[in-house]
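Letters A, B, C and D mark the chains in the order given here, with residues in each chain numbered from 1 onward.
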Amino acid sequence: MTTLPATTALPFKVADLSLADAGRHQLRLAENEMPGLMALRAEFGASKPLAGARIAGSLHMTVQTAVLIETLVALGAQVRWASCNIFSTQDEAAAAIVVGPEGTVDAPAGVPVYAWKGETLEEYWWCTDRIFDWSAEAAASGAEWIGPNMILDDGGDATLLVHRGREFEAAGVVPEATDDASHEYRVVLDTLRASLELSADRWTRIAAELKGVTEETTTGVHRLYELHAEGELLFPAINVNDSVTKSKFDNKYGIRHSLPDGLNRATDVLMGGKVAFVVGYGDVGKGAAEALRGQGARVIVSEVDPICALQASMDGYQVARLDDVVGEVDIFVTCTGNKDVVRTAHMLAMKHLAIVANVGHFDNEIDMAGLESLEGAERIEIKPQVHEWRLPSGRSILVLSEGRLMNLGNATGHPSFVMSNSFTNQVLAQIELWTRPEQYPVGVYVLPKHLDEKVARLHLDALGVVLTELSPEQAAYIGVPVEGPYKVDHYRY
Amino acid sequence: MTTLPATTALPFKVADLSLADAGRHQLRLAENEMPGLMALRAEFGASKPLAGARIAGSLHMTVQTAVLIETLVALGAQVRWASCNIFSTQDEAAAAIVVGPEGTVDAPAGVPVYAWKGETLEEYWWCTDRIFDWSAEAAASGAEWIGPNMILDDGGDATLLVHRGREFEAAGVVPEATDDASHEYRVVLDTLRASLELSADRWTRIAAELKGVTEETTTGVHRLYELHAEGELLFPAINVNDSVTKSKFDNKYGIRHSLPDGLNRATDVLMGGKVAFVVGYGDVGKGAAEALRGQGARVIVSEVDPICALQASMDGYQVARLDDVVGEVDIFVTCTGNKDVVRTAHMLAMKHLAIVANVGHFDNEIDMAGLESLEGAERIEIKPQVHEWRLPSGRSILVLSEGRLMNLGNATGHPSFVMSNSFTNQVLAQIELWTRPEQYPVGVYVLPKHLDEKVARLHLDALGVVLTELSPEQAAYIGVPVEGPYKVDHYRY
Amino acid sequence: MTTLPATTALPFKVADLSLADAGRHQLRLAENEMPGLMALRAEFGASKPLAGARIAGSLHMTVQTAVLIETLVALGAQVRWASCNIFSTQDEAAAAIVVGPEGTVDAPAGVPVYAWKGETLEEYWWCTDRIFDWSAEAAASGAEWIGPNMILDDGGDATLLVHRGREFEAAGVVPEATDDASHEYRVVLDTLRASLELSADRWTRIAAELKGVTEETTTGVHRLYELHAEGELLFPAINVNDSVTKSKFDNKYGIRHSLPDGLNRATDVLMGGKVAFVVGYGDVGKGAAEALRGQGARVIVSEVDPICALQASMDGYQVARLDDVVGEVDIFVTCTGNKDVVRTAHMLAMKHLAIVANVGHFDNEIDMAGLESLEGAERIEIKPQVHEWRLPSGRSILVLSEGRLMNLGNATGHPSFVMSNSFTNQVLAQIELWTRPEQYPVGVYVLPKHLDEKVARLHLDALGVVLTELSPEQAAYIGVPVEGPYKVDHYRY
Amino acid sequence: MTTLPATTALPFKVADLSLADAGRHQLRLAENEMPGLMALRAEFGASKPLAGARIAGSLHMTVQTAVLIETLVALGAQVRWASCNIFSTQDEAAAAIVVGPEGTVDAPAGVPVYAWKGETLEEYWWCTDRIFDWSAEAAASGAEWIGPNMILDDGGDATLLVHRGREFEAAGVVPEATDDASHEYRVVLDTLRASLELSADRWTRIAAELKGVTEETTTGVHRLYELHAEGELLFPAINVNDSVTKSKFDNKYGIRHSLPDGLNRATDVLMGGKVAFVVGYGDVGKGAAEALRGQGARVIVSEVDPICALQASMDGYQVARLDDVVGEVDIFVTCTGNKDVVRTAHMLAMKHLAIVANVGHFDNEIDMAGLESLEGAERIEIKPQVHEWRLPSGRSILVLSEGRLMNLGNATGHPSFVMSNSFTNQVLAQIELWTRPEQYPVGVYVLPKHLDEKVARLHLDALGVVLTELSPEQAAYIGVPVEGPYKVDHYRY
């Protein structure tokens, strides 16, 4: 890695540009499925509200993200990009973005992307570091130094790097990892240590420049609220995750699509007639259960929250504890965002060749560490991201994507139409923070409801949906403007 | 009416007590379906947290409400009751409550109920007035005067009477109705005028006594928020409607049950293969659409809110404007809470014998006034609550429950299990306001989430639901207590 | 009963003609839902292919049957009618038919109907006897004697009476009942004994006159195949039951409608979240399971046939034995056509207030005899057709319709649209046998597929279905006529 | 091709045996999903009822077929195999079968397979020819000549070759192709011409040796019935297609699985909210519609058969003509088995990037020939089996698998569990014909119902299904043996 020129706009593995054409075809198809983003290009392409914005983006480098990136550029922004997951990059999408719509393999004219499928953790954090290095852009513009002034984040890794970097610069030293630190956190520390060696105030200058972050996920949002509660948040943040058109669409309808897709690609197993166990009946679990039932599986749900448990029951699902039914289940799907939801003891009690899949959270949702350290367990790769684990019980189980998000690892993640909703929220959030900073002192915000409704509105035509309009009398009768917003803030949809 | 003794505990039509035994059987069956209320009796029957509470209740006098009333009594409260709808009383339930579990026809020992099926508006408001007259109880206890100190309201009529009564007493006069006042509002004014003749400060004293109100419905809650915004709210209010276990259960799962029930009882028409049009895709519309699809109907939805419209589309429904498809629809169901949703012009364009049903709101959701004044339209009663309207178009339509809530008028409303959720919220809200008044200065509150979760929890055993428990490590990992609450307040379920 | 004038056209209890107007309204609504029958009136009303036919009809005397009867009359037939079930008559429908569309209460001009809700078995068989007595018609036409020449049967009771009557006339004596004979069979023997006393050859003459029978049900068809196998069938029979548009519609879609309707009217219990057990996954069970799932119940199915069991599993249902899960079930629904499917031991093991409902067959499908003779069991009528049985277990169960078909007893049976399919088959079958007797030597036949397809075709417009037409090239390619029939005879749909 | 040694056991492209290990892993997983075949190995592995059978198999060379082949071998048969489709071979499965469970790459010990993914038509028919050449086996056994004595066929190509080969040998000459002959038929004639040059009686001898054929598909069965009707069928045939456990499972539940799988792998398009048009509502269409609805699509169905159209309507789908709605559809799925179902005019009227997919039949179901010859149309390969066609309308459409079966071309066909049902029927059919030839004179037969039920029975344990047993009294009551079969032959399931 040390031989890599740190300022190149073209990261190494993606430099195989033969993929760009394939990626460009896919972008064109995806654009047809992302009417929200295309509508923003039409609305704002001329006025370029993001002119001046320099966005450091950290989000799965997929075909859909490629359409997002080109939308940000169309609205005037400069962009650098990394993935937020070591497995999720679609190399052809990265290649297409690097080359750019007008560029060629020999004269790339796109956006610097630091992402490829199958990064090591060292590579991953190096890539994330790269989106904060705007020296190439500085050189091009003749500036002495420029940094990014906006972050678009998924999971909070980019935001974390800035906050930790600045903290350690203030302390003058990057601390040693404690004994129980994860491997990944050690890499983060190493990355920042290397940075500190090169510059004593790099992150401090970047932090000062940043106007805000827009965050995609529950996990990242959780970190932001914590930071803000501790008084440590350095810039305003918009919580994109909790837009209705994000959380209730991405989580539910995205998983409804990508869970069965991943199961099929990984195993080709008939879901019909099978017993499927869905751990957690939040939005993700609701989408998972619906998809499995739609394929004829019998779904059992587990829940810790009595309200969600009651919903699952009202929706016709059996609600049981995993411990009580583990031996009769064919397919396990974790949807909780918690850890140790499927434990080693469960795995030892499963049917032969039961399938274990995670669509909720990190790879600790299934106790992969426990499995890996289980004496007598043997791991056989059936194909990439599909492993048979022969267990001391004499039975095997099939673990997908090594316990990580299998809808990304075994399938292609959420489909374009779903991501168009999420990403239209992202772009609107970037515009909000960039163009109306006075409205957003340091803090964590959700998008105002009229923008949430706008996101939905931009996706209706593509589905043939014809909206009804309130008459002025009707609007007055229920006390809302004719053009919305139509609901109180706490409305649950 | 004037000949009625105003202080009797036994309102006239219900005095036919031969119904009491039938009602008692039904109560016993309903108790089995209302595990939340029965659990509260078990938990609080000894400690009687509602001792001292004198509750004026205004809520549909059904079998389920009867179980609620007996629960309030079991928890120590004194109660008087009226219905909140002229059609919704189940006379046998009223009779059983008047007689009481221990009483007999000759020696009734129950709760005074002022409600019967098919009240006039004059009777209705007289009944509502009666629940504020506690002179019989005063006489029994030897007090000079006592009034109610709690209201349990559905739609806000009881609360309205107190607020208007006090207002007019302060003014010293009940104003004349304006020319455009509805018939009902004239009756309200007459009722208060009669009261003012008897007492100059009756409502003022009552208002001073009241510790709070717990309100059941969207409509009533809307009035409360308005009152509070205008600074006129006289006592604290708990918004029971927006408990998750109320709004997301009652509205969705209740309608899923009672809409097809009402259609069947009213018309016996096969829903399978029919085109059903659901106006509005809020919780009520979601339940209606699911029920109709579950019976094999093809459902078309209309919406004004783009988010709800997008949800309907994602759930597989066509979303169209009523005007564009009115001529191909067999069954119309309004679920909006707005007015003039189905208009006369729509009705004239409908298929012969199309069915028009309202499960959303008042009888102005369908323009009944327009229909009634339509020249050449003729109304034929097929059976009670089912009318064929012969239209000048040469076609007929079938209007259910005269445009009022047909799940109450043509069926028996929400089933016991659903109401057990709503009413367990009601009882907990009454306990909150009564026992912890210091927590609730004048204002409008929703129940804290831990009580919402408790309501759900009390209903799980009956459904065979087994809840999973978080380990302390898991709870810490996601930052919640092991015993809940488990979600942030803005979580949408 | 002996005092009744045996030849009256107006049976006694129905003589209360105040019901006729109500029935007429309902007929008018039902006609709108029975497009197949109305289309036959339009097609054959002028040519009157049933002229000369004298039909003895034995089929539930409901509103739908009333439309059938008037269709038969419109096509030229003379008709007499009885119900085929002691509980299923809708008195207003019977009254409307007796009065006739043109008649008045004082001058009835309709069809003689011998049926009322709640017959005794003695009354039932007397009524059935009456449809074979055409002396009034003989008198009116001046003939010395005439008998019916066609039977339209449901369950085979009318056909049974002719076959047994002729057999006993040949023997010269009606045998004594054996010790184990059912009460009902004793009544049959008494009825025939009374007939034999009046005439030695009445049934022999009737049998000679009969050109055929069209039979509605599985049970009746089963009897016909047995009779024919034994060489005893006296006239040709058309098996209407096995038309696709009957068995796959009536059984499946009819039950999907009327099962939840009956449950609601009987108990008002929320199906959502409940555990429902469906015994048998034939067409009836498939419809029952779909209806229950559509209301949010969790459905468990039992089956003896491995193919149907596999279908249930593929459709996402748990398949278990009743014995293994009886204690966790809230609602039991029998759909088998077999006996002793729910036994006393099962009932003793059920949850408190579990609901037991039969939509399959006779009242022996649930072991009602065993329940009635169970020591310590107590029967409490909650309302007509809904009984709580307090069991020695200390728990109660709710038995609907005394174990008989609850979709008829607690609801109103199959809805008009479904019956329009069945009855259009009936009318076409009557036309076939009456107009083309040479095509039907004694035997049991199903309707040719082109007529089955015709029945379907006549019901499409009402549902807005637009059929696609094969081009001649396409028809030739798959080897069918452009106008159908389109499938091989063994096609399963 | 002429340079290939005609007698080799190892066809050329598959000779890359590095795939064998991967295939073997997949076989092991598939065996777990094919309980019917594994049960037959357990039941018949010792008695080897297929000893002496030499089976020429022509059926998609997939992983599932590999399990079938090894089952046939386990039951004593000798086998040679070709695929019945130029695209459907899974090379790793072919490789694993060639190597055999005990073999190695250097010393293959499996079954000769002539199949690879992406054959030309010339290669395809050469492969089919190879399964009839048993000279290697003759050499191994020291016989002068041996031929196959059983065919296992899918689509009838192997059967066709024998019949045509024998016919032309009798004529002494292979006729010239007529002008309108398809390219494929010309290849068939060339193949047989080459054969006739080498031997004058090869097919005549083979035909004399053959004891029968078991045929998998509707298309092949149709050919067999035609051959038999014309008196030209040379040996008995069992119609495996019309076993209930084949046609109602494979067609419906197989497509329910593989249609969305193919759509996802080909396009990654969100089905939720989309308008999908399903052409044909037979078993395949029923499965397709259910799958699409299960993913939240709005499904419109077209039908020519009024019975199936009525079923679609009762199941809640809009039924319309393609011409009337073509412009509002996002996804087209053909399920008819007919030709020219989607025509060029339709394609020109479609939305931009509408998806066109065939799961019914040959590539003439969609008029691919018309599209290919359409002036101004341009074909762009997005990826293999996914082509964008830019049309003169200015819009593009996406055609999957070049109009051929996309569940095979874009996905992996029916999953193992479904194929286990089909193939268990195949093995039982082979056993029937081989061991009880006296029961099957030349003709076309379906398997007796008890074997159909046996197939189902062998698949229940794997799904956790517990079957209920009839008591002897119950069995007698409905007139069936306790152990089945349980239904009349015309029962429709």
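Observations, loosely collected:
Criterion: a contact is a pair of C-beta atoms (placed from the backbone, for glycine too) under 8 Å apart; a residue touches a chain by one contact, two chains touch by 3 or more.
Which chain is which protein? Per UniProt: A, B, C, D = Adenosylhomocysteinase.
Please read all numbers here as calculations on a predicted model, not as lab measurements.
Homomeric contact chain C/chain D: same residue numbering on both sides for over half of the interface positions.
In this assembly, D is the chain whose CA centroid lies farthest from the centroid of chain B. In this assembly, the C-alpha centroid of chain B lies 59 Å from the C-alpha centroid of chain D. Computed centre separation for the pair chain C/chain D is 43 angstrom, with centres defined by C-alpha atoms.
Our note on geometry: chain B versus chain C, Cα centroid distance of 41 Å, whole angstroms. In chain D, the residues that reach two or more other chains under the touch definition are 253, 272-273, 293, 296, 310, 313-314, 318, 463-464. Residues 222, 242, 244-245, 247-249, 253, 283, 302-314, 318-322, 324, 337-341, 421, 446, 452-454, 456-457, 459-460, 463-471, 473-474, 477-479, 484, 486-487, 489-490, 492-493 of chain B are the ones that touch chain A when the two sit in their complex.
Note for the complex: chain D touches chain B at residues 272-273, 293, 296-299, 310, 313-318.
Listed in rising order, the residues of chain B touching chain C in the complex are 22, 25-26, 29, 32-33, 63, 253, 256-257, 260-261, 264-265, 267-275, 290-291, 293-296, 328, 352-353, 380, 382-383, 388, 398, 411-412, 415-418, 463-464.
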